[in-house]
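Two complexes follow with subunit A in common, the first pairing it with subunit B and the second with subunit C.
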Partner chain A sequence: MVYANFLLMKEEISLVTVIVILLIYDIFGSPKSLKYFQPTACILVGIHILLNIWPSPDVTAFGGMYHSTAMGGVMKSILSIGTLLVFMQANNWLSSERAIIRRGEFYMITLATLLGMYFMISAGNFLMFFIGLETASIPMATLAAFDKYKQKSAEAGAKYILTAVFASGLSLYGISLIYGTTGTLYFEDIPAGLNSSPLQMMAFVFFFVGLGFKLSLVPFHQWTPDVYEGAPTSVTAYLSVISKGSAAFVLMVILYKVFAPLVNEWQAILYWVIIASITLANIFAIRQQNLKRFFAYSSISQAGYIMLGVISGTAMGMTGLVYYVLVYMLSNLAAFGVIAVVEHRSGKITIDDYNGLYTTNPRLSFVMMIALFSLAGIPPFAGFFSKFFIFAAAAQQGYYVLVFIALLNTIISLYYYLRVVKAMFINKNEQPIARFNSDNYSRASLVVCSAGILLAGILSIVYESIGMFSFGM
Partner chain B sequence: MNFLSLFVLIPILTMGGLFLSKNLQQIRVVVATGASLLLALAVGLVFAYLGERGAGNTAEMLFTADTVWYAPLNIHYSVGVDGISVAMLLLSAIIVFTGTFASWKMDFLQKEYFLWFNLLTIGVFGFFISVDLFTMFMFYEVALIPMYLLIGVWGSGKKEYAAMKLTLMLMGGSALLLVGILGIYFHSSTTGALTMNLQEIAQAHAMPENLQHWFFPLVFIGFGVLGALFPFHTWSPDGHASAPTAVSMLHAGVLMKLGGYGCFRVAIYLMPEAAKELSWIFIILTGISVVYGAYSAIVQTDLKYINAYSSVSHCGLVLFAILMLNQTAMTGAVMQMLSHGLMTALFFALIGMIYGRTHTRDIREMGGLMKIMPYLGVCYVIAGLASLGLPGLSGFVAEMTVFVGAFQETDTFHRVFTIIACTSIVITAVYILRVVGKLLYGSVVNEHHYALTDANWYERFSTIILIVAIAGIGLAPLWLSDMIRASLGSILAALQ
Partner chain C sequence: MELHMEYYLVISTIMLFAGIYGFITRRNLLAVLISIELILNSVDINFAVFNRYLFPEQLEGFFFTLFAIGVSACETAVAIAIIINIYRNIRNIQVKNLNELKEETTDKAIGNERI
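Up next is the complex of A and B:
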């Protein structure tokens, strides 16, 4: 073993360093100095992002187990930025009386799942990928159950871990079948052994389930609404963007790199999964009252849109997907930021509670509105551009009917997003949520998200610089 | 920086100014300045354009500017104008200007109202100056979404229903449109160098005819929804009836013209073979729009519904004329867009003013208003006469040109539908005269109406500008029709 190999994994090393520093600080810091835990965590993650913002060229280590591409670096940066935003929004909740003693754990567990996602993205071997998947999944269950004294949170944790373990098991079974038919687990060698025999098709489907669960694609979405509703709001935000985003990245990379010979088969599977995800989730979202459930269904349908980038199998699709995830992350985190602040101040979480919010909290309503418009794909917000590019990528490969169905669904989604806008701006309320000032961390994160939503589309450099690192099949 | 971009920049700056303004006084100063600058710019543009053409510049688009925006997809921010877009920009500027003054007395959330109003303005102007399909589509959508809040918050009646219906139907149209645009984009060139530039796509003319048959209906219906194409017009009566005055003006006056302009500039220009093949389907549909809209207007009792159905009829005539695919009818189509834009804006402005006084729009509850508010009454009669096509006003010029153009198509099918469409002139006269008679003449129905006052300064100001424009086109239409006619060359060449 060449120990110098470890130095090649600089993104992972720097993240581990952050975790270790936080661990030492949490254990040995005096109660007085722990006051600065939150800013320290944010600053450390910020430094980590800055150190790795420039993607390094291709690196292969440990005989091909670890394979990091420049695109992987871009994906990791996007996920880290999202995590930083979640940390900023979580401060309110973590400072509350019952959560503050376990505050350190939240940061470390969250960063551990992020580390798992890093390894998934840089895996060059299915074992490595599986370890990453588990590292990203199991701690997530503890996060979902973080408010364990609340029944719903504990329930969410249990539901998550049971479904996650089941999905991982299926995935692992699929991987074993791949090993059985091709004789290797290395990504580079597998394509040569793939010949779309029924056994390999079965292997692929089982493998797909594992990531389909993390992405919460229909029909693997059943856990999503309950877990999203029960988990603490910041954890829900993390689940809905970072966890989902990482799964989308990994699925795309593996389909492009490993399953390229089965392209016709997986395109056929994805085709129907996309239609089912987008349509069913949209129909369910219409009836939701609880905003967290509402965003759960919205995120299922967004996952369907994200998959439109994968189905094309081109570099344009990859750029579109990564850009879409970035924009989706900013929009969803803006929305969850508002939900978290409102929930913290008033304990209210349903759409009806938001009636007349504009009269008392105009700025928060405005942020929520641009987040929803961006999710619905309305210009001049970034969501319009990301939808356009991902549709263009699918249409380029001739999927006009699929794009058309997806577009019809954007109308349904606009309907339910407008329900929230209507509640805030149009509906009258005798006793709207009282006026309040949000804390500086939440405010800063909302400013970043709003600026991103407004500028990420108009400034073409975001899309173009992602495009520099993309590759097709 | 190209001065056409000012059309987008001025509303953006106005929005910035609105953010900073502290009280109603400042808000009014900001929006009035913005709207006046836009109007001055549009008038200046007309003179500059005519000057360039007079100096012998025969380029298809003038004052062009081009900046690469999204290099990987070859999307540009590309602007330029020809005679048709100049005419539409002038129309938009006039209506934005008068609409701003019609909203002078907006009584709550003025700042937000004008913010959305200006966002709508950005979309409209951006659409007309764009030469690039992507930016065109983007501005088109920018113009749609402010409508939801403008109607939902500041509207009246069943505003929430109307706002949602309008938004969803128009987004449905834009969904069709987006598929069409992607189709055009991926077949924009035979060499593989894809482009979004309208002129380049038209020149390359690379889309095979069998694909045109798929994408032409998508694009035409996509824009047609906004242009009130039967049976996709149902958003329009509800939307117009519920919207606040200035929004109805802008929506019926300008936004519906986006539909006609798009059908013309995108659907027919880029897919001419399919346009020739499939025009018969849409001629039937627009023929129904024209007659059905007019008949529906007869039985309505709400002033805004009458005018909204009348708009369906008149906008149907625009699409009908475009589909005749000849020079005269197309010139007439653009004239009709201008004429309808101006007179419908005048109608909605007057209805808003009357409603502001009587608090009803039901014609059965009003009567004899001519005695009480003669100024508004006379304006209403002028608008009505323009609508039914009295010579000397803009409606006559436009409809005359349209029907002369339509009669040039001599086959039976076109002849039959032209005659059917012509009957709308008579039906229009029926509903206009009915309203004028019921509303303005006869005895006063409600005693309280005697206490009402006539128009005040800002109302007079905005109506006079519209009336001058209507009469101006009616009395001296030649410069305008020449400007439009000269710009049709490339579309007609594509249709050959």
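Up next is the complex of A and C:
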């Protein structure tokens, strides 16, 4: 046992340090000093991001259990930035009377799930992957059930944990069959033992369920709208962006590295899953009134688009996927930031409540508008470029029909995204939501998100610097 | 005389599908949780058996079983905590009463009470 191995896990160690410092602060800090808990948490996470912003070269530790790539490092930085933005938006809700006593727990549980995602991203063995997956999903259920006295929140938590454990159980069964047929759990050694026998195909399909659930792709999406609606808004934002982004990246890495011999089979499965995800989610999203449900369906269809980067199996697809996750994160967090602020101030959450928001809160409406435009993929916002790159990656591999269906679906999605914009800017309302000023943290996070939406597409350096680290099958 | 590996695999497969069936049909949250435990335990059997019969020279499968048992204990603990919280809120744990969150257009589904 070489203890120096631990030093190779830089990102994880610095995140654990942040968690431990916050834990000690939360336990031993006097009530007066806990006033500064929120800024401390944000600053610590900020330092953690800055320390790890430049991805380190490929590292293998603990005999191959831990395998970190430069692209994984980029993904970890993106996820940490998203977490920081969620922390800034959560302050409003966490300072309210009911939540303030459990404020410290929110930060620690959230960072614990982030740690699980880190391990999942840099796993080199299915055991490590499984532990990371569970570290990421078990605390997530407690986050969804965070509003202890609200029935909706408890219900969301129950629905999440039961379906999550069910999915991970099926996934484990798949892993056990893979172990039975290949005799190893190391990502490096498994491809040599794969020969697309029926048993291995079944194993792969079972395995796919676990990550498909986390990504909420269509056959496994039933929990998404309910949990998104019931969970506190900041948790929904976290769930829709960070959890989904990490699962997408891990699925891609495992498909590229471990299941490379089964490439034809998994591409065929993904093909139909993508079509179903994008189309069904779009059709359901049209009927939604509750904004959180609306964004749940929108996120299901976005997950379908993200999978377009996976199906190509090239370095370009990988770059496209990571870039898409970055842009999707900024757009979605901007939208959820607005929803969180409005919900906190007025308790209103349906699309009709947003009628005439422009007359009272023009700046919030503007941020919401560019977020929705970016999600729909209208130039010059970043969402257009992310869709463009991911479509290009898929088309390059000859998936013209698939790209065409995805294109048709962007038009459908434009319809329902514009419905919200129309409610805010055009629809008349006798009693629109009253004018209010949002707090500084939310404002800062919204500014960062809007700047990101406006600049991430136009500044080509963002895409190019991600592309430097990518690799194909 | 030694038992063949297939016997164990048949048992674990039956456990898996019994768990899936129970997960879909049970009307009580605790019964659903028990069904999930069946699934997780069938996986443990699988790993132990594969390791013992096919790859006895190394211990990967046994270790995976150990970790899987630990993790499934965590999952059960968290799930039960959440179920207790539901009980405090609505005073029962029937699945059909978890109907606060749903599509606005759908009707209330009425299920049979079992267990």
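Just so we're on the same page, the second predicted complex is superposed on the first by the 473 of 473 C-alpha atoms of A that agree within 3 Å, B and C clash if a C-alpha of one lies under 4 Å from a C-alpha of the other, contacts with A are read in each partner's own complex, and residues count from 1 in each chain.
Heads up, the rule we're going with is that a residue touches a chain if its C-beta (ideal position, glycine included) is under 8 Å from a C-beta of that chain, and two chains touch if they have at least 3 such contacts.
Remember, it's a predicted structure, so these values are computed and weren't measured experimentally.
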Partners on subunit A (subunit B, subunit C) - clash or fit: fit
Subunit B versus subunit C as contact partner of A:Tyr415, first or second or both or neither: first
First, second, both or neither for A:Ile161, with subunit B first and subunit C second: second
Winner by number of subunit A residues touched, once subunit B and subunit C are compared: C
Which of subunit B and subunit C A:Phe373 touches, first, second, both or neither: first
Minimal inter-chain CA distance - subunit C and subunit B, angstrom: 25
Parts of subunit C lying in touch with subunit A, wherever the complex brings them together: 16, 19-20, 23, 29, 32-33, 36, 39-40, 42-43, 46-47, 50-51, 54-55, 60-61, 63-64, 67-68, 71-72, 74-75, 78-79, 81-83, 85-86, 89-90, 98, 100-105
For the subunit B and subunit A complex, residues of the former touching the latter: 69-73, 75, 134, 138-139, 141-142, 145, 148-149, 152-153, 160, 164, 167-168, 171-172, 175-176, 178-179, 182-183, 185-186, 214
Contacting residues of subunit A [partner subunit C, same complex]: 126-127, 130-131, 134, 138, 141-142, 145, 148-152, 154-159, 161-162, 165-166, 169-170, 172-173, 175-177, 179-180, 183-185, 225-226, 229-230, 287, 289-290
Parts of subunit A lying in touch with subunit B, wherever the complex brings them together: 316, 319, 373, 378-380, 384, 388-389, 391-392, 395-396, 400, 403-404, 407-408, 410-411, 414-415, 418, 421-422, 425-426, 460, 463-464, 467
